[in-house]
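Quick one: the structure is below, and I'll ask about it shortly.
A, B and C are the chain letters, set down in written order, and residue numbers restart from 1 in every chain.
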């Protein structure tokens, strides 16, 4: 025979609170009408609780369920498995609200809430997200507790206290499990659709593209060097891709399937570092010029750039190595040569003529490059807001406007040199990076996007030539932020970005700290699976099953022992003042010697008993009892009495 | 399925637990007596944690892993909480009130928190009887009344007492079985019918006054504060003779005897039941009555105590008296 | 300084007198110093005393002795079942010569009344006495006759198990500040008693140790005895225990706890302290509270003494 259980008022309130908490972060992603429906159901249930209306008829609920199901499928589309699943679950969850009368209904709701809270983390994993979900777990657990709390003493706040009391000890246990449980790869592949529009370099470059990025202070990637020091500012070129083909207006990246031949000599020091790349929606992986090898699953392409097998949709970690100088001499195949000399059939005639005239004077590559850079240095101006260019964009730039930024310089130089018969390519990537001293890593942001050129020298291979340096050398030597902050376009997308206020000391510190925290969060939590092996090896030595089990067992029993102690320990009576506290401490000492005080035993009589058992202590314990009595019952409040009493207690403890 | 399983397990545990401990008036629950096992809701909870773990594995999402681990840890921590929601509780059997066969007897138990702790949402019940829930929140003791149906007259025990709790999260059930030494007296089931032999209760009235009562008018006395207004002598008051109260007395020889030999056509149990019926009836009519059973004679009397004495004699006729 | 020394001297002298009174009564009632002290505590606290014991334990002797050392006028009434209220409080008689009612005061008009075997008389007579005790006056035919001051009643009662008695109801037991038992004398005292034999009765009356001014002074000093908040806490815990424990049918009333505190003050005074300690409450709990409690029916076999002892063991003294 089971008692029929009806939800108490606090239990119902907790259910509703829990639903709102779970719903909130999801609601931005779900079809707009679904949260609306949930709030409708919530209101209905509340109305029922207040006795203003009744539960809907089953047919109404059935109709609502069918409509909601069809609506969800129609508005999300069947392609997005996980989103659809979450949305359907949500629809059911909302409708279930109209059905909680009994404990079992509430349980279904609560367990689904746990699950929905977990799914939220598939869509966002920032520290704030995690904290919010932690809060949601507290609320759900409180809701679960409220269902089981006594019907005779319903109370709104007690479940919250119980929830915190249960979850606090669960936290260390969770950490132990988190650290020790081995991670295994996905069982089946179910991609999550992500917003594709990510800021970052794209696979085409038309002069002007890069300036789009200077509006953003989003992080592109973070780098942690194994030696703990960043390379000098002038060599922080982060290589991402090369733009090889020009159609008159735009440069395009073109896949070169031929493999990269590794350099023949190992000159220059090898820099090892860990690259944590933010989702870019592109497959290329940035590496410090010049990467030497591609770790699995990356692939090194012929143009010495790294490419991931798929587009990077979540933050990823790669262990990379680079050399700052390159002598990667590699013979250029005929196709490659053709590719790096290719120009569109017509257009930009003035530039072509200039190139041919230069070539006629001196056709050595060095001389051509020097002439071009001299030209830039003489007449050109660096600006983020250049004038618009006409159809012959290179001509317009070189002869008319003569102002622009890295994209303009790189593309015009490449055009010039190719027209002069020198194989040249544009490299897209980032230049610079900000050193975060708190966690010792370099953070590279979108506004540090950069384009430069690489020129083929017979006998030396590809050599980096940065025309921007000829115009604005400070762009290389200083941080982009310092240079660009005078430009009106700079960070125009993010007006309130903390980077803007970098010159204010404490804001900068705060920003660095926050970024460091974010970085650690990612390194040690979000991509823990990459570090688990190392950490376990460091903690346990050689990882064996036996050691894992022990590592699990010992902290578990410690935590559980602590909880059990807290739960089962006889609570000492609360003491109100130092007089009682001192007495209880003294009694505790005696108790450990088998001379405890019985509850009903007045202090005076207790002292007499002690005096009989321990004649050596008779005088001092007598003093203690007398002074206690004076303080406690004669209400002698004199400070010297107080001091004498405490001194007597101390003396008694000593003599014990 | 789980329920049947756990019930069977419970029955075995009950036999085992009860076999190990003698019935007692008062006992404190310790780990020797407390059993703990996941409930069906608890297994579903573990299932939910597992599903979340799969989600984490599949999307290589460490935060989802963490949620799953939180749930698992919560389960482990709640084992202790559920256990401690019984541990240290002292149960004292206080009293059992008598009842008629077929009715429910009331048993009174005292729960006392061993330590200064709260016990919440405890459920107590006799085997196969309706549970009663109770708490000890900011309260060191509480009396609980439990009911169990009497099947046979005489002294009887209600069987084993189940104390269980699902608190705090309902994931686990902690329970204990115990045998109390409480026994209730069951009076025979009243059997309606029969007549008292003539001549009973027709003694001459008015000779001996047995004390203040409600039956016969005996005189007037000065009205004093606290006397029933119904007894005010209005006639005298109207006559200007002051406020007086009417005094009533009962007569001692308004006495009846209930005798074993009244209904020879009935068998023993039926006779007892019939006598029980008449006892209750006479007690309601507020007459004095006595009882004669073979070997027992209770002189006429009145009041609750007397009625109990008579019914007790009926209940224990031919039975061991404890 | 001068004044306070004087007061101190005076109070030392007073305490001496109290001690003398106790030892003086002690020569009459052998081997019962604590009961004598208890009885005096009751009288100093302006309460009435109920002595409950079997016949022949020296109840009457004790009352006599107390009256003598306090120098009080003394009346003794032996209660019987045929006694009427008028036999106690007095009666108005119509005087033919003055053709008016005249009040003839009963034995209750005395300073110390020994109501012997109070449970032998009918509830009506009992309540007449108890009313007089409470009101400290007798009201008859709309006229109040105040009783002398001081006024003490020492009632004696045979335990209820004795045949043919009317036990006092709880509401009336409450009128007595204390209930004590004398108990059998210890062997030594009994031996002495037997040796003295009849000579005891021929003894000269005891000298007055405490006159009425002293009594007034003692009462004033008792009122000045300090009661700390910690002690009040303890008292409240005790009282709460009786109200919550299922072993008692009902707990101590506020009147009961006030009585306990009042007696504790006097008790502390008699032990030469100007503040009350928990020991005082513990010693007085049984005599002051014992008769105000009723043991719950289901806790058979225990008297209230055993339960009070248990309660004293369980209620923590240190808050």
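Heads up, the rule we're going with is that a contact is a pair of C-beta atoms (placed from the backbone, for glycine too) under 8 Å apart; a residue touches a chain by one contact, two chains touch by 3 or more.
Computed from a prediction, not measured in an experiment: that's the story for all the values here.
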Overall pattern in which the protein chains touch one another (line/ring/star/complete/other) = complete
By C-beta contact count, B-C versus A-C, the higher one is A-C
Whole-Å separation of chain centres (CA-atom averages), chain A against chain B = 63
Could you tell me the distance, in whole angstrom, between the mean C-alpha positions of chain A and chain C?
-> 82
Distance between chain centroids, defined by C-alpha means - chain B, chain C (Å) = 42
Expected list for chain B, residues touching two or more other chains, is none
Which residues belonging to chain A are in contact with no fewer than two other chains?
-> 573
In the complex, the residues of chain C that touch chain B are 244-246, 297-298
Residue positions on chain B within touch of chain A in the complex are 41, 44-45, 48, 51-52, 54-74, 76-78, 80-81, 84, 87-88, 115-117, 120-121, 123, 125, 128-131, 133-135, 137, 166-170
Complex interface listing, chain C residues touching chain A | 226, 228-231, 274-279, 282, 311-319
So, in the complex, the side of chain A touching chain B is made of residues 1-3, 103, 107, 111, 114-115, 117-119, 121-122, 125, 129-130, 133, 137, 141, 144-145, 147-153, 162, 165-167, 169-171, 173-174, 177-178, 181, 183-188, 190, 192, 525-529, 556, 560, 563-564, 567-571, 573
Tell me, which parts of chain A touch chain C in their complex?
-> 573, 575-576, 580, 583-584, 597-605, 629, 632-635
